[in-house]
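Look for chain A in each of the two complexes below; its partner is chain B in the first and chain C in the second.
Let's look at the complex of A and B:
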């Protein structure tokens, strides 16, 4: 036997008696909850009269801000209009360059051929031919499949939002590294912001800024900023102290130290932040079509709503293609190391890519004046596979729908509805009690109070029923994700060939915006809970796989070798050595799966679930800020509760195993 | 004390822990080890006083955690000392404003780091030119100076390389060139060769001695390697638990260790290379003839073969060529091969070995 199980057994002894007490307490909570349910009905559902109208207060506040707040010289509405007006400027420039042209001065937009070539050159400049071909090919797809205009509208929002969000994140990150109090406030704020789903950001923005591209940009920027700030904090903190000291000894002023030493030395971490900002911006820009952002997301939403599934699929692929290009380019740029140049090299040699880009720009514009097809691909030339996909969908509904419908209804009747009824029929007291007990066992009184307060917030604000639907959908999806993802991760950890395939798929799937996952499930299952759960599973599976893989790979080789030397079979090694040691890591993966599931479940409101996401969706139509924000907070609180509990368990377990 | 003092350091303290200044005041600026432990404090620099003379190589030695790196960082105020006084050319460094300090670092101090501390995004040339760049010196002028420095450390032809493309030894040459670019008067080196392979380390030590012969800086050099210290030092200071326990010439440290700790530290030192005839001889002024004598300043290693080849003890000659003592074979054998006396010197606290 290896040392580790012995250690584990030794610590289990005190835990067993404490565990028995906890179990008894849990039984008492459930028992009293069930008993009290009929005696005191408020322990089951809080009466409407007792609900604290937090949502109404927030709505009133935002309505006051949006319609009547006066700041003296100008009203709050003037302020938001001013901001919107300022932001509209750069956006109109980007629009002009990318797709609408500048009719006033007779300058047409960037010809597609120029953009394809520019992106190819950029890819080559960053990482050579492979990336160049991938990037160029992807951009060609956009033009060949006739989704150019929508893509350019989306790109225009991205190219303006990303620098603004990244600069804001950078500034806040720098602030946090310089001031402890600011750091505490900001990290708390980012924790909350990153647990609130995309959807919930839209409602207050609509109330304050209205509908359209600019409000969408604002919502997108706010949503996409936190990762940049976090990466800035991390990057600045991990600059080696000797590098900073060498800067100080060179006589840098604090400003010189920041700009010439710390930020450049943290470059690759900062670029990881920029990559995340880009990907979040794309995901959000697609969803922001709900508040009138033009672009691929808007076109996709329109196709979905009019059930043109083939067209929706092509637009969805276009979003995926854009995601891949943006992700690969920015990731490769983050990894890129500066290249050595020979002294006295000619300037066009040193900047060969830039020179080529300028040449392409000039020649491209001139050529497209002579051959307009190079500027805008004539619609007749565009390829479309939509009829093919529509035919497949039709074939599915004619031939397979009988079976798919059977599967769907079978699942609904036998699994989903019973689970849902269990969740809905359980008094809130049991949930709050059990969560508090778990919090106490894992992290003591502070954690216990925190999680009880978070779940209590959902009870007293009157969002319990939709919250339970959210929990039920996510729970089922997470169970299935774990059931499929963990074995896949284990398999990948044992077979390098499997790993390379599985991890590539994971990488690619992680770049897809959540919205995309709705398309295939609607094709298969139409709308409803089964479709929603399938979409959640597809979206949230990746971390379960990835963390299981990493967890197993990180088991120290010496421990595995000592197990082999002790005569363990493969199976024994897996069950008795590797899995126990990898479990804390695997649970962190499950935690991530839960967080992603909560994000996705919100979006499935668009295909008719009745969860908290639907509350936000309704709030969006009614411009009811309070309802939208509180529903968003409820989702965030469910997520934070799961995160803190699992995090506490994982940390404690890692400490016991000596891994932390 | 014939040379002028460059840096003087009086009763310097650096204490880590909550509110260290109040803690020191509470204990009359002389807390005992027990006081420190009880309060949960760590004295990285413990009441240290010493002087650095202009143009000397002063080496501070100690095991890791002995506070030597903290001490050198206090001297440049990279770390803020808790208490004490540092006089840099007579100017009180702890009273200096941030601006004064930046000026001092820009013109009078240079520092070399254990892990080089190079800026990864800049070429060799740009790294070396960096201290000049932050002063606002124009590009042609700073690059000219940087090229000169790169040549000085033998890296010409590598100006356009990035640090990651260089070996450890080459990276440290860049670090050295950068620290010398502003022509500092004081040169701090914090374990500059500790991260290098033994062979490279030796090569870099030779390089360092060559540069110092050329430049004659005032040097504070940190190391944990006693062999390195004895090769390079004019004087060696040994630190333990933040305190400076002995500061003297290498020879004196071997022959008169301040305590058992220093004796243990210096046990494996190449004694024959460090002990001079003056220390090894038996005084016998006037009684012997000067014929066939050796100079008192010669190291035992240099004269060992000669002394061992003679049946009679060899006269040792003072600066004016007058005989001041004799050196016998047994004394030389003992120093070269070790013997009962060297053990005795470890036990005896600082007594001059009677050879």
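Let's look at the complex of A and C:
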């Protein structure tokens, strides 16, 4: 309590009395909530009879769409199945090229040696030798570690999904820049789409599109599309007006203006969008295998299922490796400036890389016909590090288990169970009231109403108890993430050497398929909340580190210098200058950590938690669309509430510090 | 006897039809899928058409004379493959299912069919099979899949293609070293007496029973209550979590009792036994007065002889009759399933390689399943 006036004095929050009023109001909300809890039981838990059956309505809607909706000439189901059938075409071609071959015309699949060389050439063409070696090396990993087939299945889904998702995103983005109303609708939709956990997308897709590679592709595409649309909007908006005017002056039609002026000028932002689409597609790779996508994701799940942890790790690394190659190639391409060739240069000179690629293709095919090992590496030649990793896991579980067990029990008894009981025992009225109050203090009436409505949705749809378990798991994980991540970020910001190591680890952890954490945490901590929280921490720590690092690095050097000049010690500089200035940025990192924690918590349902993720998990097995979507929406609403509140706080704080 | 049983061996060699032809028929199927009543009739027409078309191809290749002769010598013959559309076989994520599915797939390929493997999950697969999106499931487990399977069969969208000889059991299970720590096992009363051995910080002083995936509907919590046991069920979210728990405890010889079933690859790696509960009877689940507890149902163990069936899409019998006969004839015993799985789990082959090896080594077994001769 005493901390409040001190903080207030230091940064001079205007209207001190308002702060005191708010505190009193908060106490009043808590007090009345506790009192009413016993007098009127419905203020504690809404009775089942009062629950608005939104989930049932949605299920009914989807069943109607899936089984009986008739659009006149054809049914809705014909339409969705028709779309799926259309998409199956390009996919079957990609499959043929990459791994199944075309037996009908006797053409085998692309030999691995050809693909390795082609990617190397592509790397060289885009950014020279370093990238060429990196890309070639990474693709070689796939063949050397015997995950070639799965990788190619995944790649074939990616090469079809990414262009489709990118094109859709581009079209929607262009639409949004043309039409104010469309923009309002679309950005709202994207906000929602990006906060619903990917797990929740699977259920409606299964009902509408069925099971297999194509529905998985559709779910992936829907999930990966919003960043592209956002980048398109951003890119087109930020084209300098001089460029557009000069386009107009040279007599462009609107269409020419778009295609020949605006889009080329926005090229690098658009490529950032494409890059995001690729990364999201890979992030979805494992989850999509739950609805029938073949490839690395399925192989990984199978390895985990049969406790082949080392093998699962290698398959996980294969996904990371593919992400690295595609990420670096697309980033380098985004930065690359178009090359101008002199007039009259010979064609093979001008297209040296293309010519080399064709040569490699032809020679590679011929060679591999003669030596099949160049087409598919015999499984005996593949190397594996799996026994090594299995031994490490075994060693840890034999030798460290005792200590981990102590930590687990201590955490559970002293922290987790009391906190869980607190969350579950708090009436919803208190939560809604406090959140609304916080919203009002930070952003006025509009924010207050918004967050109250979002949390109210969870109350009236009857998902309150699992939602509270979700909130409890994520809150504890976020506190621990912040406690570890922020100091790490500060350390990295001070020591460039540490930074390079920490940031590389961050990159890897972020692309690592989240599923892979599930099994080791169970082996170390047993089924339960500690295992779930550990998995969430492992996955959601990254933004806390990264944003703290960036926040400190972005503190203007002039301010730091003036602090040095006024004789601050290093500690004073950190605590009195850098940290307060970086705090808004750090809080955005915490915000991201919350978002990622919410994503991961749905996946920890597979360990055996009783949260909203479990509702989605159950909905997925029963194909109960409404339940899955509403649970997904509840998670999204929790995320949006946290996001808006922290965003409002961060903005206010930046204004006070004169940064915004 | 089904007419498909008359197919001659030499006909099995006919290759798949051209890609575009396959695509065209797939397209047709997609658009005809929904109208349930018309579907049958249309599928028949379409099948007729496919047969006619592939017959035409044969006429080209073999010559009209030979074809006519064949028709004369073997009346009412169906050609294999009757349709060149791919038969979609379901892959789940446990070993025996994968190997057996691959064995079925490779045998179907030997007959000339085009086969596709589609990964699926244990519950949604039934909706997909009912829709005709997927076609064959080689392992339908009584314990976990009874309800969705029967729903589709009763609606006429799926066909029960017979049981394996193998029997299945799903029950509480403990590693063998527990018999020393807790004398009297496998009796459930003895287990209940050692409940404290199994306690953890969350469940103390009660014992912890690691239950099957939340959505499998095993009613083990109800059983604990009905039998008045000193245990708490902690369910997992997916099967893999069970094995992670088991592996971790097994290495340290720590007390654990968890949900398990047979046949399962786990048997090959960890030694253990099922707990003996009061014998199962169907009334136990519905009638509270039955059994030792007069007020509650579920006061008994699970059945010790669950079936393991094969299930297929209802349209399969008409579309690929010979393939349907093969699936119907396929029959594995517990020993055969364990042997096939150990090729993967012990010898380290991929399921695909294991299936090929099994086929090479067990020719008399699968020859007997083939719809020819």
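Keep this in mind: the second predicted complex is superposed on the first by the 620 of 660 C-alpha atoms of A that agree within 3 Å, B and C clash if a C-alpha of one lies under 4 Å from a C-alpha of the other, contacts with A are read in each partner's own complex, and residues count from 1 in each chain.
Here, a residue touches a chain if its C-beta (ideal position, glycine included) is under 8 Å from a C-beta of that chain, and two chains touch if they have at least 3 such contacts.
All values derive from a computational prediction rather than experimental measurement.
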item	value
Partner chain in contact with A:618 - chain B first, chain C second, else both or neither	second
Residue contacts with chain A in the superposition, chain B compared against chain C	C
Which of chain B and chain C A:251 touches, first, second, both or neither	first
Partner chain(s) touched by A:340 [first = chain B, second = chain C, both, neither]	first
First (chain B), second (chain C), both or neither touched by A:527	second
First (chain B), second (chain C), both or neither touched by A:401	second
Contact set on chain B toward chain A in their complex	73, 76, 78, 102-103, 105-107, 109-111, 113-123, 130-131, 133-135, 159-162, 164-165, 175, 178-179, 182, 188
List of chain A residues in touch with chain C within their complex	67, 74-75, 77-78, 81-82, 84-85, 88-89, 102, 104, 206, 210-213, 289-294, 298, 301-302, 304-307, 379, 394, 397-398, 401, 408-409, 412-413, 417, 518-520, 522-524, 526-528, 604-610, 614, 617-618, 620-623
Complex interface listing, chain A residues touching chain B	240, 242-243, 245-253, 256, 260-261, 264-265, 267, 337-338, 340-343
In the complex with chain A, residue positions of chain C that touch it	16, 18-19, 23, 26-27, 30-31, 33-35, 88, 91, 93-95, 98, 117-125, 127-128, 131, 133-134, 200-202, 210, 214-215, 234-241, 243-245, 247-248, 251-252, 265, 345, 350
